[in-house]
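Quick heads-up: structures coming right below.
Two complexes, one shared chain (subunit A), two partners (subunit B, subunit C).
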Partner chain A sequence: MLAAFLRRLLAVAPILALVSLLLFGALRLLPIDPAAMSMPPTATKVEIEAARQAMGLDRPVTVQYAIWLGQTLRGDFGNSIHMRRPVAGLLAETLPATIELSLAAMVIAGLLGLGGGLGMFALRDRRGEAVAETVTTLMMSLPEFLWALLLIFVFGVLLSALPFTGRLDPGMTRPVVTQFLLLDTLLVGRVDVFFSAVRHMILPAFALGVAFAPPIMRVLRASLIDTYQEDYIRQARLRGVGETRILLGHALQNAILPTLTLMGVQFGFLFGGSLLVEVIYSYPGMGNLMVDAVRNADLPIIQAVGLTYCVVVLAITAGVDGLVMLLNPRLRGT
Partner chain B sequence: MSVLRAENLCVTARIDGVDVAALDGLSLTLAPGKVLGLVGESGAGKSMLGRAIAQLLPPGFAVTAGMLEFAGRDLVAMAPDQRQNLLGRQIGFIPQEPLSALNPVRSIGSQFAEHLRRLGIADWRSAAIAALESVQLPDLLDRFPHQLSGGMCQRVLIAMAFASKPALVVADEPTTALDVTIQARIVALMRDLQVAQNTAVLFITHDLRLAAQVCDEIAVLYAGRVVEHGPADVVLAQPLHPYTKCLLLAAPAISGPRTALYALPDQMPGLRALAEMSGCRFAPRCPLARDACRESVPALAGDTHKIACPHIAEIDTITVPALAPAMVAATGETLVSVAGLGKVFRGRFGRKPTIAVRDVSFSIAAGEFVGVVGESGSGKSTLARLLMGLEQKTSGEIRLAGQDVGGWGAAARRLRLRTAQMVFQDPQSALNPRRRVGAIVTQALEAAGVGLAERRARAAEILADLGMPLELADRAPSQLSGGQRQRVNIGRALCLVPKLLVADEIVSGLDVSVQAQLLALLARLRAEHGFALLLISHDLAVVRYLCERVMVMRNGEVVEAGRTDEVFANPQHDYTRELLASVPGAA
Partner chain C sequence: MPRWLRDTRVIVGLSILFAVLVLALLAPLLVQSAPDEQDLLSTLLPSAWAKGGDVAHRLGTDSLGRDVLARLLYGTRLALSVAAIAAPGAMILGTIAALLAGYFGGWVDWVIGRAVDVWMSFPPVILSLILMVGLGTGSRNVILAIVLVDWTRFCRVLRAEVLVVVRRDYVTAARLVGFSHLRVVLREVLPAVVPLLVTLLTLEMGIAVVVEAILAFVGLGVKPDEIAWGQMIADGRATIYQAPINLLAPVAAIFVTVAGFNLLGDGLRRTLDLRLVEGRG
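== the complex of A and B ==
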C-alpha cells in the first residue's frame, strides 16, 4: 500500500523535471536580458557584463539550467528584479493565501457538488430533473471572473452584505505565525479578526468554486445511478437493509470514488483559476504576485510561481490518488 | 402452516402497451423444512417468483392477480416496512453471482456487522465467526470480497442468509457461476444448514438433475407457467410433461448409456412473443402438439404429480436413439503434437509468477475430438491460447501437421491460420456488432481478397450448414439470440474448413435445448468436413457426449488422459474421481 503510493509519487518526478525544463527554456527564449533587468537603469555596460558573468549567463545553457535547478532545489529562487527581495520570501507570504482561497473554494464546490449530486439523484426520473439540469448548466457556463463580478455586484454593491476587497477590515492587523491567516488568527485567539477574514473570503471563494460544483454533481449522480444497478445493492435490499443505509453505507462509498478523482483534477484547474479571482478581489495571493511580475517582466518570480503552481497541482493529484487508493481496497494491491 | 404459498399468482409486464404475464397463474406451497426446486430454461420466469417475494420486480412489472403469502401473511398487500422487516430476518436470499453480490469497498466483517447488528446481535464478531465456521470458512472478517474466490464469497453469503435462522431461503441459481466441485460443496453446505435449522428453501436452477439431487419437490416452469410439479425423484425418473421430458433428453448424461440428444427446435419465446400466443405456450416446440393445443390453456392436473398437458399418454413416443460410446477414430496422421509445453506468466508489481501450464504433452489425430476438463484456473484456456499462438509458450514444442509453430514467425502464423481456428466463450464480445452476419462468417475470405459474389455464396452455404435461415445473413449480431450468436461464431471459424477447431467453453451459459442444438451441429459438421476438435469445457457430460478422448487438467498439469469412456468409467486420479462425483446425477 505505502509502496504503491510512493511509486505514485515517484512517477511525478519526471513530470516536474519536464516542467522545470519548459519553464526555464521558455523564459530564456524571451527577448529579455535578465542581467540588464536586474541592474538599475543607470548601470553601465561593464557593470551589466559583470552582473551577467556573476549570474552565469555567459556559460552554456545546460550549465545555466543546472545552476538554476540547483538553486531552486535549495529553495533559492533568486531575487525579484522589481521588488529587490528574495522570491522565496514573497512566495512564503502569498502561497498560503492562495492555498486558503483555493481550499475554501474547493470546499464550497465539494459541498455544493456532493449535495447537489445527491439531490439530483433523488430527483432522477422526476420532473425536477430538467430544472436541476438547466440550473447546473448555467452555473457551469459562467467563467469564474464573471461569477466574481456578478457576486460583487449583487452582494457587495447592491446588498452591501459582504466585503469584496482585501482580506481584513481596514484597521485590523494580521497576526503572523504560519502565514495562513485563518489559522493564525485562531492561534493568537483573535476571533474578531478570524471572522473578518472569513467574511472577506466568502465572495472570492464562492466565485472560484461555484463553477466546479456542477461537474461534481453530474458525476456523482451518474455513478450513483450506475452503482444502484449493482448486484450488491440488490443483495443488501434483499437482506432488509433500509434505503438510507443503502445510499450512505453502500452506494455512496462506491460512487464517491470517481467523484473524488474528478475533484482532484478539478482542484488543479481551480488553483490556476484563482489568479483572475485574486486580481478582481485584490486578494493578496500568488495570483496578484504573478500578475505584477508579468507586468514588470520579473523573471525569477514568474519562474518560481509557475513551478509552484505545478508542484501544488501535482501534489494534490497524487494526494487524491492516495485517498482513492485508501478508500478502494481493490487498489491497495493485496 | 406453509412457509410460502402462491395461489394463481400473476406477474404482468407492460410491453408496448400490451400486458403480458411473465408468471401466469403460479400456484405452489412450500412446507417448513422442505426444499422446492423451480426449474426451467432462461426466461422461464424463475427469478420472478423470488423478486415477487421481495417485491423487487423490474420496472414495469407488477403482481396483477392471485396471492403470495409468507407464513400466512400477504406479501403483496403488506406495508413496505413490514416486508423489509421480514427480509434478512425471516426470509434470506442467496444470489447467482457471489463475486458481485458483496460490496467491494467494505470488508467482509463490516458487511457482517451491518447484518448482525440489524438482527440485534451485540457481539457480532463472535457470531460472525461462528457463522463462517458453519460454512467451513476461517475468520476472514478483515478481508475484502476481491480477495476471495467465487466459492468463498458464496459461502459468506450463505452464512449471512442463514445467520438469522430464517424460515425461508430463496436461492436463485446459487451455483451457476461456480465450478462443479465447488458446486457440490456449496450444495452440501446449504443442505446441512437447511436441515439443521429446518429452513424451507426455494431452489431456483436451470439444471434438472441438480434440482433432483437437492430438492424434495420440483416445479418445472415454461414461459411463466408451471407445466409439471411433483416429488423430485418421480419427476426426474418419470417426467410426464413433454417439455420436462425433452429437457431431460436434451442434456447429455454423465453416466448410463450414451444417447443422442433430443433436438428441441428454437428456444423459449420472449415476453413479446408470448403476447401473441394462445393455448399451450409450449405448442410451437412440442413434438406432441396438435391444433387443439393452441386453443385452450391446459390446466395443471393430478394429485402429487401434476402435469399441464392432456396428452401424457403419448409421452413415451418422445425418445432419442442410443449411441455407441464415442470411439477413437481409426486414423493415421497426427495433426497436433505437443511436447513438454509450459507457460509461466511473470508476476507483475512484484507478485509471484504464475505457472499456468506445466509440462503438458499430448497429440490429436486428424478428425479426432478431444476434450479438456478441469476447474477454472486449471490452465485450460491458456493451453488453447498457446495452441492458437495467442500466447507465447515458455517452454516445450507445438507442432501442427508436423511443422513447428511454437514461434512468433510469419511462416508459423500462416500455417496456424490455415490449419486451426478458434471459437471463443463469449459470442457477444467476439462478434463485431457493426457487421452483418453474412460478412462475419466470411471474414476469413474477405481477408484473403475473395470477391463479393463468391463470399455471398459461401455465406449462404455456411448458414445452411449452421441450420440458420438465409435471411439472418443481413442481421447484426445484436439481433440474434445467444444460441444463434454462438452458431455464427462457429460458422466463422469453419469458413475456411480448418483441420483443427479449438473451442473454449462454447456452450457454457446457453440453455440446455440450445446447447443440444449446438452439440448436434458440431457432430454433423464433423461428419461432413472431418475436422479435429479440442473442446474445453467445465461440463463433463458435454465432453462425454462429444469427445472420444479426454484430458483432465489441474494446476496447469494434465493429471489424467485417456479414452473418455474408460476415464469416466474407471477414473485413476483422485482429482478425476472428485470431479466426476461432483456432477449432479452421477451414478
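== the complex of A and C ==
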C-alpha cells in the first residue's frame, strides 16, 4: 500500500521535470532581456552586459536551464523584475491565501455536489429528473468568473450584504504567524478579525465552489444508479432495510469512490480557476500575483508561480489517488 | 428524422445557436451606431426603457459613450469566430495524437501519454496565460492558445475509444487484407469515433467562448481595437454602480451562447449514446 503510494509519487517526478523544462523553454523564447529589465532605466550598456554575465545569460541555454533548475530546487526563485523583491517571499505570502480560498471553495463544491447528486438521484424516473438535468447543464454554462461577477452584483451591489474586495475590513491589521490568515487570527485570538476574514471569503469561495459542483452532482447520481443495479442492494431490500438506510448506509459507500476521483480532478481545475476569482475579488493570492506578473512580463514570477500551480495540482492528484486506494479494498495491496 | 434531431436539448441548443449566429451576422442592420463610436456627451446612459434612456441606444452606453448593444452584437462575431476556428483546431490536433497513440501503441502511445500528463498538470487558465505572454495579444493568438491548451481534452477521451475500436474484428480484417495504415485509420477507425468527436467538439466550442472572454477580461486576449465580451466585462466592472447593464449584458451573452453549446452537446451525447468522461475546467 505504502509502496504503491510512493511509486505514484515517483511517477510525478519526471512529469515535474518536463513541466519545468517546458516553462523555462516557453518563456526563454520571448524577446525579453531579463538583464535589461532587472536594471534601472538609466543603466548603461556596460552595466547591463555585466548583469547579463552575472545572471549567466551569456552562457548556452542548457547551462542557463541547469542554473535555473538548481536554484529553483534550493528554493531560490530569483528576484521579481518589477517589484524588486525575492519571488520566494512573494510566493510564501500569496500561496497560503490561495490554498485557503481553494479549500473553502472545495468544501462548498463538495457539499453542493454531494447534496445535489443525492437530490438528483432521489428524482430518478420522475418528472423532475429532466428539469434537474437541464439545471445542471445550465449551471455548467456559467464558469466561475461569471458566478463571481453575478454574486458581486447581487450580494455586493444590490443588497450591500457582503464585502467583495480584499480579505479584511479597512483599518484592520492582519496578524502574521503562519501566513494562513484564518488560522493566524484564531491563533492570536482576534475573533473579530477572523469573522471579517470569513465574511470576505464567502462570495469568492461560493463563486468558485458553485461553478465546480455540477459535475460532482452528475457523477454521484450516475454511480448511485449503477450501484443500485447490484445484488446486495436488492438483498438489503429483501431483508427489510429501509430505503434511506440502503441509500446512505449501503449504496453511498460504493458510489462515493468514482465521485471522489472526480472531486480530485475538479479540485485541480478549481485551484487553477481560483486565479480569475482572485482577480475579480482583489483577493491577495497567487492568481493576482500571476496576472500582475503576466501584464508586466515579470518572468521570474511567471516561472515560479506556474511551477507552483503544477506542483499543487500534481500533489492533489496524487493525494486523491492515495485516498481512493485507502478507501477501496479492491485496490489495497496492489 | 435522425434520432438526435428529435431530442429537446438538441433542438433548443441549435435554436439558441442559430439565433446567436443570425444576430452576429445581421449586427450592422440591427444597430445604427458603430461599436467603437464614442460619444463623450452621452456616457453611461441607461437602457432605453429606463428613465433617462435614449431610443437610439437600446441597452444604453458605456463609460466612453459607446453603444452597448452594438458592442454586444459585434462581440458575438468575435466569440463565434474564435469558437468556430479554435475548437476544430483543438479537435484535429487531439484526434491525430489520439489516433497515433491508440493505433500504433508502444512507444508512440507512451510519448503521447506523457505529453498529455505534462499538459494536464497545468491548470488550463495558467497554461493559456503563459502561452499568451509568449504569443502576444490578438485574436489569432487567442485561437492558437486554445488549440495548444485544449487538444488534450480530445486526446484523452478519444485514445481510450480508439484502443477499443482497433481491437475489433473488422479493423483486424482490414489490416490482414493489406490496407495501408493510413487507410485503416481513416476509413475504419476514424468513422467509429465520429459521434464522440462531434459531441466533444460542441462542448469545446462553448469552452472556447469562455476562454476567449477570460483572456480578454484579463487584458491578454484580443487587441484593444477588437470588440470582445471579456473586454466589455472588464470595462463594465468599473461602472457596476452607475450602469450595471454594461456588466450584465455581456455576462448574459456568454451564458446564453455557452448554454446553447452545452445543451446541444448534452443532447448529442445522450442520443448518440456515448460514455463521456465528466469534467470541465
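The rule we apply is simple: the second predicted complex is superposed on the first by the 331 of 334 C-alpha atoms of A that agree within 3 Å, B and C clash if a C-alpha of one lies under 4 Å from a C-alpha of the other, contacts with A are read in each partner's own complex, and residues count from 1 in each chain.
Here is the rule we go by: a residue touches a chain if its C-beta (ideal position, glycine included) is under 8 Å from a C-beta of that chain, and two chains touch if they have at least 3 such contacts.
Here the structure is a predicted model, which is why all the values come from computation and not from measurement.
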First, second, both or neither for A:Leu118, with subunit B first and subunit C second: neither
Touching partner for A:Gly240 - first (subunit B), second (subunit C), both, neither: first
When both partners are placed on the shared chain, which of subunit B and subunit C touches more of subunit A: C
Subunit B versus subunit C as contact partner of A:Met106, first or second or both or neither: neither
Partner chain(s) touched by A:Leu23 [first = subunit B, second = subunit C, both, neither]: second
Subunit B versus subunit C as contact partner of A:Glu230, first or second or both or neither: first
Which of subunit B and subunit C A:Arg330 touches, first, second, both or neither: first
Contacts of A:Leu181 with subunit B and subunit C, given as first, second, both or neither: neither
Subunit B versus subunit C as contact partner of A:Ile81, first or second or both or neither: neither
Subunit A residues touching subunit C - in the complex, by the definition given at the top: 14-16, 18-19, 22-23, 26-27, 29-30, 133-134, 137-138, 140-143, 145-146, 149-150, 152-153, 157, 212, 215, 218-219, 222, 262, 265-266, 268-269, 271-273, 275-276, 279-280, 290-291, 294-295, 297, 302, 305-306, 309-310, 313-314, 317
Residues of subunit B that touch subunit A when the two form their complex: 54, 56, 84-89, 92-93, 95, 97, 100-107, 114-115, 118, 144, 146-147, 157, 160, 349
In the complex, subunit A residues that touch subunit B: 230-232, 234-242, 245, 249-250, 253-254, 257, 327-330, 333-334
Contact set on subunit C toward subunit A in their complex: 9, 114, 117-118, 121-126, 129-134, 206, 210, 213-214, 217-220, 233, 237, 240-241, 244, 247-248, 251, 254-255, 258-259, 261-263, 266, 278-281
